[in-house]
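As written, the chain order gives the labels A, B, C and D, with residue 1 at the start of each chain.
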Amino acid sequence: MEVRAVTVGNVTVGAGRPVLIAGPCSVENLEMIRAVAAAAVKSGVSILRGGSFKPRTSPYSFQGLGIEGLQMLDAARREFSIPVVSEVMSIDQIEPSLEMVDMIQVGARNMHNFPLLSALGRTDRPILLKRGFMATIEEWLMAAEYIVKEGNDRVVLCERGIRTFEPWTRNTLDISAVPLARMLGGYPVIVDPCHASGRRDLLEPLAMAGLAAGADGIMLEVHPEPEKALSDGGQSLSIPELTLMAGRLLNWMDTIPQYEKDCEPGMDGG
Amino acid sequence: MEVRAVTVGNVTVGAGRPVLIAGPCSVENLEMIRAVAAAAVKSGVSILRGGSFKPRTSPYSFQGLGIEGLQMLDAARREFSIPVVSEVMSIDQIEPSLEMVDMIQVGARNMHNFPLLSALGRTDRPILLKRGFMATIEEWLMAAEYIVKEGNDRVVLCERGIRTFEPWTRNTLDISAVPLARMLGGYPVIVDPCHASGRRDLLEPLAMAGLAAGADGIMLEVHPEPEKALSDGGQSLSIPELTLMAGRLLNWMDTIPQYEKDCEPGMDGG
Amino acid sequence: MEVRAVTVGNVTVGAGRPVLIAGPCSVENLEMIRAVAAAAVKSGVSILRGGSFKPRTSPYSFQGLGIEGLQMLDAARREFSIPVVSEVMSIDQIEPSLEMVDMIQVGARNMHNFPLLSALGRTDRPILLKRGFMATIEEWLMAAEYIVKEGNDRVVLCERGIRTFEPWTRNTLDISAVPLARMLGGYPVIVDPCHASGRRDLLEPLAMAGLAAGADGIMLEVHPEPEKALSDGGQSLSIPELTLMAGRLLNWMDTIPQYEKDCEPGMDGG
Amino acid sequence: MEVRAVTVGNVTVGAGRPVLIAGPCSVENLEMIRAVAAAAVKSGVSILRGGSFKPRTSPYSFQGLGIEGLQMLDAARREFSIPVVSEVMSIDQIEPSLEMVDMIQVGARNMHNFPLLSALGRTDRPILLKRGFMATIEEWLMAAEYIVKEGNDRVVLCERGIRTFEPWTRNTLDISAVPLARMLGGYPVIVDPCHASGRRDLLEPLAMAGLAAGADGIMLEVHPEPEKALSDGGQSLSIPELTLMAGRLLNWMDTIPQYEKDCEPGMDGG
């Protein structure tokens, strides 16, 4: 199946050259999102990410800035002319997001939130659908189908690791899911090495592996001061690290040959 | 930690350029192993693989040709001047293997067979230690330690996928294990996309992902007639497919930049 | 920690004698829910279950009868004087449910739907919180905390199996989670052997194992004609099977000794 | 399928009343194994366990006393007239074990060690085959088949937990495997709650759950001074704890009804 390209603002995902998406886990204040946006644009990043509604395991952890965070994100996208992606966790957060973000993210914990998926299917906005850390590839494609069925086929998938018994990484990046979801679902697939590994020292090898496996983009977490981040500091790049890594990836990605892939479900599971 | 290179016959694994290892799952007869060896050498493959003692889930499945298979493998290596790797499943199989194979493989099901590992540690032969499909990276490095403790530090690791809930692939290739095992263990790491995926259509993207993540080599299953293979036909390449894929991989692998990796165990698992 | 009992209508969960909860996966029509309710009451079942908002993997599967199904459930509870539990999948489904159901269920796929949990925390209704099929026990207790934090401490947990590599059961019942969640969280815990196994032939041994491990109740799926069920037929009991099994379980459960349990997190994970 | 009873010395496993097996993880010295044997006999334990060849993740951990440990075990069995079970890790350990132990254990890490299984199939001794911690039930039954195929059908299975993502227990006891392996394999099944949970506070609820699910016996680790044990202290009972728990379990187990189970592989996995 051929991958259907999806446009996000002035950027096309899934048509040839992979894109870089980067930004902080959470928008913490205007100054930090402006600093990250400036660095992102300068480094060749195409889409700015930033969380403002944050699903956290504990109700006592920082929950994000909400609408106020979206406004900061909106200010940064206008100032730096870069499209933004941000997560919603419930149906009532869609309306305000439509005004301020270019692409709406569904997080891993909401991949099975079917009413939310259907509501997003009734918008005209591109959707970044993260794979649940416990979801099979088939369930992930079915979740996308909840969006498409309502009329919105602008879906981009994001592989961010699945839960296994291995304790040295936060999750296990399922690299096989990249070619399988692209070819069996026809959606562009982004790789998120930060949530997949939870380790800064694995971000570059996993980003490269993702691109080599055919990913349509890489999503990275960046923070001006990772050690002071309110969430996910241990897996975030600093701004100089982002600049360095983005430069290498953008330089190298054109060498990756485009083979014809031909996945078929069948046989031994698949 | 720096990776210690291991020599196998005239080939060096873990020093710069990645190597290709290829051959049939099982040596079935002399003619087929000669055909594969000829094609392997012509395609740029550095080491020939071929199983002769086969661990099979069912006692009623084909169990390999045993010593006779090793003799065929030995004939092929002499005729085509290519080093060979083959598996042993028990201590008594080591002695005959020493005469006929250059590198001894420990299969995933025997990664925790500590008496076998210790006995291999008392040989002078390079060992290819596959990761158990249920073993953590730490347990895998500890298994290598059983070999090294007895005096043999010529260990090469092979990541071949771990068991997860995902049914569309036979196992889940743990791509993060490649940089982690290299950097924390100091061993060269080979990627086996055939057992990891069980699907011919994923072999090339997974091989590329492995190389991009820093693997020191790729191991592939090849069969003159995959559809007639006595084992693992669905994940084997035909000879023309091997030639094509080996050519592409050998051509592309030099473009992969060598970044400095610096993994540390610690923090959030790791 | 001592378990805090929760009342559901005239039934107390978590205080001494375990309760049986039974009913169809989905309310399909008035006649079937009346037939099941009648049989449930006669068999000693304390709470009637019936789904009306159904989260299904595929958007093309039967999605439940919605409000109309709740009205049928409400008719049955009035006619047979039995409290009912039913699932909500989104915040807007809470309001109509409050009028028609005694206990509100959060399904496994919504265990991480934090806005939904918080909204339920602002009602006065007992909540049956199913464990996500890939959630740790700690995450499950944290999800309960989202409800409790808003002022509603009437939470009952339900263990329904986790996802593993084992293919002979739909999920793997994590029997250890029963004593751990009771003692570390202080919530009553119900065991759902139907979703845990997906096999009718395992329901009785798993229900017995659950009770032996200290469960405060067992939840069963029943259908007048399991082979014609619109969902989950393969794991549903027929009405005569329910009567037989409920009789045995109710008869046997009083023989189970109440030992003092004393779980502490610590040491080797825990 | 009906369960075939297996005799171990003067004890029958799989015919009616469940048996208790208890003893230290490792035989550490003669005095401690004598103390445990005396307490075991007095507490109603039918079979004494004690490891002497120990498979340990690290080559630097205590590896057991070997032959000397077997001699201590043999002395204890003669003095207290109780049959003993002990593990072998390699073919050369079988011969000395035959003289000194009544039942030979294959550990979880060796469930896939096919040459070892075949060699044990050529003895006349009952075999206790532990499930690999990442083996499917089908693979476990196939491993038993390696023993039976060589002529020895005196196989007892032991469920000891599988590896999952849950960190609060060392493994996850797969309680469903008890009825499935009994009914589909026809072998008696023992439950080992110590390795399954790694927590002393879960031993009694898990033992009870195992019995309720139909287990033919429970295997427990006991140590005169658990806090000083050379291995597995955190999951071992003290002698007074063993006496108390054995008394309760033996007293309660007769109340468990024997239902007719009828498992069939098929349908949704199974």
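In this text, contacts are C-beta pairs under 8 Å (C-beta built on N, C-alpha and C of every residue); 3 or more make two chains touch, one makes a residue touch a chain.
If you're wondering where the values come from, they're calculated on a predicted model, not measured in any experiment.
Peer 1: State the pair with the higher C-beta contact count; candidates are A-B and B-D.
Peer 2: A-B
Peer 1: On a CA-centroid basis, which chain has its centre farthest from chain A's?
Peer 2: Taking each chain's C-alpha mean as its centre, the farthest from chain A is D.
Peer 1: Roughly how far is chain A from chain D, centre to centre by C-alpha average, rounded to an integer in Å?
Peer 2: 47
Peer 1: Distance from the CA centroid of chain A to that of chain B, rounded to the nearest Å?
Peer 2: 34
Peer 1: Round to the nearest whole Å and give the separation of the Cα centres of chain B and chain D.
Peer 2: The computed centroid separation for chain B versus chain D comes out at 34 Å.
Peer 1: Among the residues of chain C, which are close enough to touch at least two other chains?
Peer 2: Each of 134, 138, 163-165, 167 in chain C touches at least two other chains.
Peer 1: Within the complex, which stretch of chain C touches chain D?
Peer 2: 134, 136-138, 162, 164-170, 172-180, 183, 196-199, 201-202, 204-206, 208-214, 234, 248, 252, 255-257, 259, 261-265, 267-270
Peer 1: For the complex, which residues does chain C have touching chain B?
Peer 2: Touch residues, chain C against chain B: 134, 163-165, 167.
Peer 1: Note which residues of chain B are touching chain D in the complex, please.
Peer 2: Listed in rising order, the residues of chain B that touch chain D are 55-60, 89-92, 109-110, 112-116, 118, 132-134, 138-139, 142, 145-146, 149, 163.
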